[in-house]
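Two complexes follow with subunit A in common, the first pairing it with subunit B and the second with subunit C.
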Partner chain A sequence: MNNQLFFQLSTLGASVILLFGITLLWRKSMRSYAETFKWQSVALSLMFIVIGYLGKDPELYAVAAALFILKAIIIPNYLRRMEKRFGDDRELKPYVNVATSLVLAGLFVLLAYSVTRPLVMVSDLPTRAGMPLAMGLIFVGLFLIITRKKAMAQIISFLVMENGIALLAALGTYGTPLIVELGVFLDALMGFLVMQVFVYHIHDTFETIDVDQMNELKH
Partner chain B sequence: MVTLVNAILLEIGQAVLALLLAPGLVGFVRWLKARLQNRLGAPVWLPYVELWKLFGKEVVISRNASWLFRVTPYIVFACVLVVTFLVPMIIAPLPFDNAGDLLVVVYLLLLGTFFLALAGLDTGTAFGGMGSSREMTIAALAEPAIALAIFGLALGAGSTNLGQIVTLTLINPGVTINPGHFLAFAAMFIVSLAETGRLPVDNPSTHLELTMIHEAMILEYSGRYLALIEWASWLKLTVFFTLLANLFIPWGIATTLTLGSLGLAVLTLILKLVVLGVTVAVIETRIAKLRLFRVPELIGMSFVLALLAITSSFLLK
Partner chain C sequence: MYFLFLILPSLLAALIAGLIRPYRAFVGFIGAFLSLISLGASLVIAAQVVSGQIPTWGFHMEWLNLEDFLRADGLSAILVVCVTVVASLALFLSPGLGRQVQNPHWGELAYKPNQLQRFHVFTNLFITSMLLAVTANNVGVMWIAIEATTIFSAIIIPLKLNKASIEASWKYILICSVGISLAFVGTVLGYFDFVSVAGRVESALNWTTLLKAAPNLHPEVMRLAFVFLLVGFGTKAGIAPLHTWKPDAYGESPAPLTALMSSALFAVAMYALLRWKAVTDVTLGLGFSNKLLIVLGLLSLFIAAFSIVLARDYKRMFAYSSIEHTGLMCLGFALGPLGTFAALLHLINHTVGKSLMFFLVDNIEHKYRSPLITNTRGLLKTMPWTGGFFAAGLMFLIGLPPGGFFISEFALFRAGFALNHPWLMGAALVLLAVVFVSFIYQINTMLYGDPDPENINTERPVEQFSWRLALLLVNIVVLVTLGLSLPAPLVALINQGVAILAR
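Showing the complex of A and B:
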């Protein structure tokens, strides 16, 4: 009975987290990108708590706390500051239009199901049903990175993909050891800070963060 | 087993209940929206008065209108009325349950839309044509999403029969936190807003030529024809809300034919309609209407949700 509940809850949570990723495909302003990412991270930390409680792995509480502080408070704060500095400008027309990318997102999830099939077959954890959804989120994140034009949107897409990886790890193995998990978080934070510096430089040099403008040498 | 007389009485009672509740629901949503926007708002019973007034008025018809224009209000009204006999509102399974399943319900509603679009074109006015063209665009986009959402539900229950879906969900409450069920609900909710001409897609409270869809089609109607069409569209809203409420959260619906359980079912139905009405009013207050060219994106979202619902209920077995 408990396993059944665990199964349902983990699949439901994974689909909610995936949905936040898919919503990004049709949002336009940088603010709503940042907001969506924040709520996705909140959902992800809740997911960690649920897995920690029902999977009886108290280490995951610490991971959930770290995740919440980092991805639902610190990074969204930085993003807000960035967004203020660049002004609330909207994502330019992405390379693939919204309707097509939504349909593609559906196909990515189907693809994720077929890719993770062997994994799901091997695993006997009650969380296994969520793994294809996490893989789908990784695909959607990758797709977001390559189709957005604004550097800031690309950063958020990267973070969303990172969320997908964390979710996959949590669902597949109840999370990697705490130390590895923390290493990954710090890695993500460092990556984010470096990218942020890059974006500021791009903005100072070109007066835009539209990377489409950067395909020819200016100076 | 219910006797034939009882069955017919029950069905007629349910249809009459839907007919009576529909204007009240719309009036309630309008009133709540007005209150949320710091306006005083017309009383909740205004739609009833509106209907009464329209039925008493004379009908003015353009000289160019054909018979199609005259029969459309009756067809539209009849389509929705038949649907109220099929949708389990207060009891499941209904006595007429085998007469039509979820597909019949949805396509009967679309049949009404089709005739309304024809009537919009019939008089040859610019607004009517524009409204019909928009309505057909949206209907054509919404249809695959609706069909997929239905299949998502049907896969969960193993049947497209409405009574069976409701009964199965009642027996096995764990289904409701199934992601397939939840995603199908979200998909169905978005499509319901599109189909009933609510806010992100169409604004029911303006006649602004740039944005109107449903209002543009029925611009030429007056008197009792207009009353019938308006009543039908309110009824459609009620039917969609009831579908959402009873297919996904069926508790409270009567399963046995006793006076007490029927009374309870009516009360819970009204409560569910009020909850959905509040949701819609809050959504409509918070968001602006989408530009027409963004509507395909919204419906695309619903399509993806429905697709995910199907994949998860199909592949998670």
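Showing the complex of A and C:
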């Protein structure tokens, strides 16, 4: 009974988190990018709490708290400040149009199902059915990074992909060992801080955050 | 115990550089001399490994089990020595140790005190994380340290803010961060596989534990994990087709940083890949990882060879040369014990040789204003010492005796032919010939001819021999030594590395 509930909750949670990622494919304004990321992170923290409770692993509560503070409070704060500076720059014309991207997103999820088949077969955890969805989110995140033109949208896409990886670890193994988990958070924070400084540099020197305009370097 | 003397000095140097502001030359010298302690510790560790021990360091607290946290076997020992040698050289030759202070008329190359401070803080942190990456037993911690190297090095690429350096650093941090997070997916999948076999163990990500469990892991899962790891760490190592950040980043960063990135950081990324290759090969048998490495290695050689022909900027040319050597090493690691021996030797040669070239590029940049090969004529006239070293280094780099590259490339091709890969080795030889010819052509342009007075800094007289150049003799002596003989301790180390990687 308990396992049945666990199975359903984890699959539902993973679907919601994946859907947050897919909505980015048609959003335009930087504010909606930032908001989507924030709510996805909230959902991810809840997911960690659910897995911690039903999987009886109290360590995950600490991870969920760290994740919430980092990805639902600190990083969104910085994103808001960036959005105030560059809010007028909208993701109007990504390299792939919305209709095609949505079809591709569907294919990515299918691909994720076929790639993760061995994982689902090997595992006996009640959360295993969510793993293809997490892998799907990683693929969608990669696709977002490649096709977005605004530096800020690329950062948020990268953060979304990182959420996908955290979700995969949570569903597959109830999270990585604590020391690794903490190190990953530290890296994520430092990496984000450096990237956001670079966005300000890009804006100051190129007067836009459109990476399409960066074409100084050839041979 | 020696691990602390290995890792802490550079951390301390970063702290000192961060606390003392404005930047003064003595801060740089403190960092440089501290790095000698690391170098000494690395040699002690290597000596211990040669004598058959496997030094480890760790502790156990109530809630945190960090036993065997740091560990050095043959492979780690090689890498530790490579990193500390290049790090010491780079710190002694870094900006802010005298040269800039004496001559205020440097135009574009003079750094402001805050830029120098940033350089010294983050270069030392960069070195710390590389040393942690090659000594950590936990592959998760290894991943964390490698991701940290991306961040720390990206901060100093745009030391001078301009369009080109910002573009390069953005490409570098985005491509490498994305790549490296794919490597984390691979790490998670490896851990997942372990957990589904043996249950949740705190030490499951320790490489030693993984290796012990490897025969029981699921082949299908490890196959998927290795693909992610290859893409991830391959991006960081600059294996084609994931090399695109390399010429940009090498071309735009300050030359001492490029020296560190092209030699030490590259080796660290390769090391991470090799650690996982060892585990994967036990689970899957040899065929899988070797086939992938051969395909990517040949592609790297191909792309690099033709990019060198077209190169117009000499820093970018050396970046492509790095990709070429990356390709060669990938081939070597896929060619059994003989090839692995050759590739490890080649890795050492490349670390010494490529760092030499970029330290010399630093000297050239102080004299010539333009990075274009056609604007850098008459090196031998304006800078006889640098020009001479440059010519010698380049000859070694393309595999002429008596350089170490000659021996390692020869061994590599012998291994390939012995394993009956005549077509593969033939193709690689043709591509090496292309590199050879175009390098000879490019260096002719740079060494001879008359320098264009518009493009050179005429305030500096003709170059005199100095301690900066004397330091580079270290690289040249090592390269020639490796070309003429193979010292017994080195052979012992490499053989231990081969025993880990190819069984």
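The rule is simple: the second predicted complex is superposed on the first by the 213 of 219 C-alpha atoms of A that agree within 3 Å, B and C clash if a C-alpha of one lies under 4 Å from a C-alpha of the other, contacts with A are read in each partner's own complex, and residues count from 1 in each chain.
In the analysis below, a residue touches a chain if its C-beta (ideal position, glycine included) is under 8 Å from a C-beta of that chain, and two chains touch if they have at least 3 such contacts.
All figures in this text were calculated on a predicted structure; none of them were measured in a lab.
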item: Fit or clash - subunit C, subunit B, common subunit A; value: fit
item: Which of subunit B and subunit C A:Gly191 touches, first, second, both or neither; value: second
item: Subunit B versus subunit C, judged by how many residues of subunit A each one touches; value: C
item: Which superposed partner A:Ile49 touches (first subunit B, second subunit C, both, neither); value: neither
item: Touching partner for A:Leu102 - first (subunit B), second (subunit C), both, neither; value: first
item: Touching partner for A:Met214 - first (subunit B), second (subunit C), both, neither; value: second
item: Vertex subunit A angle, Cα centres of subunit C and subunit B, expressed to the nearest 10 degrees; value: 150
item: Which of subunit B and subunit C A:Leu142 touches, first, second, both or neither; value: second
item: Subunit B versus subunit C as contact partner of A:Gln8, first or second or both or neither; value: first
item: Least Cα gap, in Å, left between subunit B and subunit C after the two complexes are fitted on chain A; value: 19
item: Touching both subunit C and subunit B, counted on subunit A across the two superposed complexes; value: none
item: Interface residues, subunit A side, partner subunit B - complex; value: 4, 8-9, 11-12, 14-15, 18-19, 22-23, 26, 98-99, 102-103, 105-106, 109-110, 113, 129, 132-133
item: For the subunit A and subunit C complex, residues of the former touching the latter; value: 115-116, 118-119, 122-124, 138, 142, 145, 151, 154, 158, 161-162, 165, 168-169, 172-174, 176-180, 183-184, 186-187, 190-191, 194-195, 198, 201-202, 204-206, 211, 214-217, 219
item: Interfacial residue positions of subunit C with respect to subunit A in the complex; value: 64, 66, 138, 140-141, 143-144, 147-148, 150-151, 154-155, 158, 161-164, 166-170, 173-174, 177-178, 181, 184-185, 187-189, 191-193, 195-196, 200, 202, 204-205, 218, 220-221, 224, 247-248, 251-252, 310-313, 316
item: Contact footprint of subunit A on subunit B as seen in their complex; value: 174, 177-179, 182-183, 294, 296-298, 300-301, 303-305, 307-308, 311-312, 315-316
